[in-house]
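Notes to accompany the following structure.
Going by the order they are written in, the chains are A, B, C and D; count residues from 1 in each one.
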Amino acid sequence: MMIIMRPGAPKDQIDAVISAVEKNRLIAHPIFGLEQAIIGAVGDGHYVAKEIFEAFPGVLEVQRISKPYKLASRQFHEQDSVFPLDGFSVGGEGIAVIAGPCSVESRSQILEIAQAVREAGAHALRGGVFKPRTSPYSFQGLGEEGLEYLVEAREKTGMPIVVEVMAVSQIAMMEKYVDVFQLGARNMQNYNLLRAVGETRTPVLFKRGLSATIEEMLMASEYILSGGNKRVMLCERGIRTFETATRNTTDINAIPVLKKLTHLPVILDPSHSTGDANFVASIARAAIAAGADGLIVEVHHDPANAISDGKQSLTPEAFAKMVQQVKIIAEAVDRKLAPISHVTA
Amino acid sequence: MMIIMRPGAPKDQIDAVISAVEKNRLIAHPIFGLEQAIIGAVGDGHYVAKEIFEAFPGVLEVQRISKPYKLASRQFHEQDSVFPLDGFSVGGEGIAVIAGPCSVESRSQILEIAQAVREAGAHALRGGVFKPRTSPYSFQGLGEEGLEYLVEAREKTGMPIVVEVMAVSQIAMMEKYVDVFQLGARNMQNYNLLRAVGETRTPVLFKRGLSATIEEMLMASEYILSGGNKRVMLCERGIRTFETATRNTTDINAIPVLKKLTHLPVILDPSHSTGDANFVASIARAAIAAGADGLIVEVHHDPANAISDGKQSLTPEAFAKMVQQVKIIAEAVDRKLAPISHVTA
Amino acid sequence: MMIIMRPGAPKDQIDAVISAVEKNRLIAHPIFGLEQAIIGAVGDGHYVAKEIFEAFPGVLEVQRISKPYKLASRQFHEQDSVFPLDGFSVGGEGIAVIAGPCSVESRSQILEIAQAVREAGAHALRGGVFKPRTSPYSFQGLGEEGLEYLVEAREKTGMPIVVEVMAVSQIAMMEKYVDVFQLGARNMQNYNLLRAVGETRTPVLFKRGLSATIEEMLMASEYILSGGNKRVMLCERGIRTFETATRNTTDINAIPVLKKLTHLPVILDPSHSTGDANFVASIARAAIAAGADGLIVEVHHDPANAISDGKQSLTPEAFAKMVQQVKIIAEAVDRKLAPISHVTA
Amino acid sequence: MMIIMRPGAPKDQIDAVISAVEKNRLIAHPIFGLEQAIIGAVGDGHYVAKEIFEAFPGVLEVQRISKPYKLASRQFHEQDSVFPLDGFSVGGEGIAVIAGPCSVESRSQILEIAQAVREAGAHALRGGVFKPRTSPYSFQGLGEEGLEYLVEAREKTGMPIVVEVMAVSQIAMMEKYVDVFQLGARNMQNYNLLRAVGETRTPVLFKRGLSATIEEMLMASEYILSGGNKRVMLCERGIRTFETATRNTTDINAIPVLKKLTHLPVILDPSHSTGDANFVASIARAAIAAGADGLIVEVHHDPANAISDGKQSLTPEAFAKMVQQVKIIAEAVDRKLAPISHVTA
């Protein structure tokens, strides 16, 4: 931490800051410049908030040096985290592809789509049963009934199921059904929910918030990790910018940046990050070329009549084609689609 | 709704869209242009999601005409909503000022600050007891103990208390203590929480999300309003942009835009929207000059030692000065500080 | 400047950075932390670019302490800069109002509008003769003919004229006509143009770029100031964000931030910053309440038939009303409309 | 164009709009909805600005249907534009790689780097001689002397040279030296410059502005194309967002979006779009995987001592490795590095 004093800050203000630094078990190194003093605060500052010093009289600004997160950091866990799911592993050499509809709409719908994406090469099945809709008047999901259909789809295809959890009160019930909890973009800083999910041992697919920085995403992931749940996949799903040609702006830079900063697996959601089925395959290829460990993609057998996200859903045929392209790109970067160890169906 | 077809879309695609329009109880008016057909969908389209049509084959894009919200809309409720709180009213001619610390830190702290802001002219007291901190290693709030201190402050000063609720599970307990639920920026699209708060009859101070559009904020407010809870104040608190000179960018345009679109009271939080005590009074004045109905401001008697948000907290003296400036601006726009009907302390 | 080394950077890398610091006539103060070394570089670093150090092996990042601009800085010029224009002063106690159409469309148009805004209390007349249009197929301005009409309007009303200059080649010709050069948002970083304008002694109204930070704006203003042209007014005109309810987002925070950082006068353009005549008066009031030194406003006697910017242009009647409101707000913040020393017409 | 009237707009306002539509040689199709009227304006509206209608009394808003550009549009020129440069073609099956230093610093520097990038597989050489620096106190480029060095490098290596032009006054002189004019991000809406470059027959590498939308970029390109200069490459180089982990945010979505909207070649600049040499190769691979036609990359033989952009410059070795990776990705998407037809050196 570097604490920059205002030009002309008197000695007693500087001393007060030095005391505060020492109170936080850091060592103070003052430097007296031409215009102002700067106090270096050295030690294990990961969990010392910079705002502690910002409001001291005479302080101009405080700049962090060490990262404000630790468990997620590659500095403290050099090797890539790899964790097995049912039938494949996430985070190693293999590329994982999660696919399925935005919402579970009916038994036949999810069974049909599950079969199709499995045949096309998907590793896991996604499907929402509680939907965070921007309007209260839109379809809100099938709830537990939807989970039963997903379980049936898992039994028939062998794919683990990935389902968004939206509230603490849903966790206990959902834990019995799902293989991976998805935490949605709108809940990236819903800390109660993060903490509660961190106390389970169900793997988590953790989506970046629409306007969250990469650093904030990593800090938020500490809420889960610090509860002891180590199996967290990070998911870039597009950020909000001024550009309106696409639903969101895919922050492709986030892929290599995250791979450098953290040991956690990093996947990308080209469906939400573009909002348009026309661009999904291009961005899926780009993600893998940039170093992503996997993809989560919306697929629907009848996009025109999908209850939600039809515009950005691939047909099973388009998805199968995308998987083939992704496979070739994976090999071009010396990786491969994650091998599937068994098919129970 | 205007549904714009791709150039060259064949007749059967156009017919399929027309059928879908009619299925949603709207009347279809096709226009055949030089390059493409456009289908106007006329009727009560407030609650028809545009995504229903977006994924149809041949559809290029869909543009809304009617607003996707209704209860919040001034079109359906022309008069300003005014609602009484304990001792004053929000949303009428009077300007309401809510003030207090970011976090309740101790009994003596909140009592001291409450007394000071009341003397300076505040109408209501804010103070957090559950804190949504970006780092799990930061102070997380006093919980119910903090509520008891707030209630004591209310008894001593006569000010109603405004407290952030962060989870559905907190509502029942908090309802017994608080006068106004604050819904924080990070929860603007936590729909379960919105719905649950909408089922109470406790007034709500509803903060805009960091990257939420004005339209999304109004749509989200329908989750509360449609539950029957009509006493919702909207709060602009700064949005996230590329500018880093301030913590957020105050979207001052949102004040007149919201006053035009909705009948709900609109207040501004200059503490979060600037992140710097040096700029709070200027932006507070600007808000009232632009037409805001009130302010919510962070005040701390010892900012240097505040546990959170010290940098953006006014001292009681600076706050008192700000209230005087706001009073003069209010009069300059033919309004006044909201009269306080009684002081119980 | 603080140069933060990577964890584990070897001694020879640290030494190389220290040498580079000294080569730039700064004094190096190394601090050895738990994880990494930090090298403080002390001295007059205003004009030392941080990128000089960023690419050295072992450097993680470089953070500036001193501002990268000097002539514009309040630190080096504590008093507000005040400079007289024809008939009034900018930057002192008085509030200046510049008004007129987006484009000069005809002799009668500009004479009519000039007369109307003068009667309503305007201090100076704006009007474009070279228009930076997003489409090459739109009206591009009357050129020198327009300047002649503006001069006639100046003679008739006594108001100095403010006209945008778009190219170095226009300067010599325009200098003979105009009282203030406007530098438009799209040219904020057109350094050749800035430098050329800095070599004139014509006052400058310098607009912030759509996505320029406040710091970049101040750095760009050094291009003008360092040429010896000291009469620069800074103009906030809205920034580009994700919000689409208004044409731009007025960065009202920029007003107090600029007033703190610089001695130059700061004005606001509520026409471009909102893009909608409905919101101009609200934002004009907010600007003055926040501490702005003036306004520049688009006015047209027939907005529906204006060639450009009709939607955001006030009618003369609405403008007169706005001036009255601004006058009251100015008094509420202990200022007043700038007195007009003579009217030549 | 769809012109949406305010609810309750009287008949004479609707009629006035209909007249204005017809005056612009479009056909008006009014639709009378429950709440408001909508007037469809059908015909060749590409060059009719929507602002013409926005300021009419009673108009709520105007939405475009047809694109506001034509020459750049794929609708009017279905086939990909392919144009030959010296030794290779841009825009066809082959992928072109342009490389070189940010600035030409000396004769030996540019000759050394040119040789190195040619050996690594580059098709063209970049190098700035007029530098748009954010600070007027930074190095501003070698000017014409730099061009002479570039020409010598071209003679020695056979690579055409790509150089940024910053002012109309530089065009005549530069035309004698350069093979491709680069138009920089800060000048994307410097219309005088665009128009002047459009009158030459020198190919153009046209960079997207930091906060320009894809539509604005295409509209600006019409300034060049409408002058008769058809050889324009579009270049995505990162946009400005709230994310600060990288210098800019690479808008990878822009690649497939542009390939759909326009026939012009699309290249990507991973150096500026990331600002960090660590991430350049990942993003270069992603660009090609997403469908880009080429890359422009900063390379320096001694990044630590580069006068500008050292942090984001690849060493020749890292560049050679990147070219190999790009070659493999190109083949994975059924393309290849553009063949080089001759080497004159």
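Operating definition for what follows: a residue touches a chain if its C-beta (ideal position, glycine included) is under 8 Å from a C-beta of that chain, and two chains touch if they have at least 3 such contacts.
Please read all numbers here as calculations on a predicted model, not as lab measurements.
J.: Centre to centre, using CA atoms, which chain is the farthest one from chain B?
T.: D
J.: Taking each chain's centre as its mean C-alpha position, how far apart are chain B and chain C in Å?
T.: 32
J.: Can you work out the whole-Å distance between the CA centroids of chain A and chain C?
T.: Inter-chain centre distance comes to 40 Å.
J.: Quick check: how many Å separate the C-alpha centres of chain C and chain D?
T.: 27
J.: So which stretches of chain D touch two or more other chains?
T.: 211, 240-242, 244
J.: Graph shape for the chains shown, where an edge means the two chains touch. Line, ring, star, complete, or other?
T.: Per interface graph, the chains form a complete graph.
J.: Once bound in the complex, which stretches of chain A touch chain C?
T.: It comes out as residues 2, 4, 7, 29, 31-36, 38, 40, 42-44, 63, 65-66, 75, 211, 240-242, 244.
J.: Can you name the residues of chain D that touch chain C in the complex?
T.: 16, 47, 49, 51, 54-57, 68-69, 132-138, 166-169, 186-187, 189-193, 195, 209-211, 216, 219-220, 222-223, 226, 240, 277, 303-306, 308-311, 313
J.: Any idea which chain D residues touch chain A in the complex?
T.: 211, 213-215, 239, 241-246, 249-257, 260, 273-274, 278-279, 282-283, 285-291, 325, 328-329, 331-333
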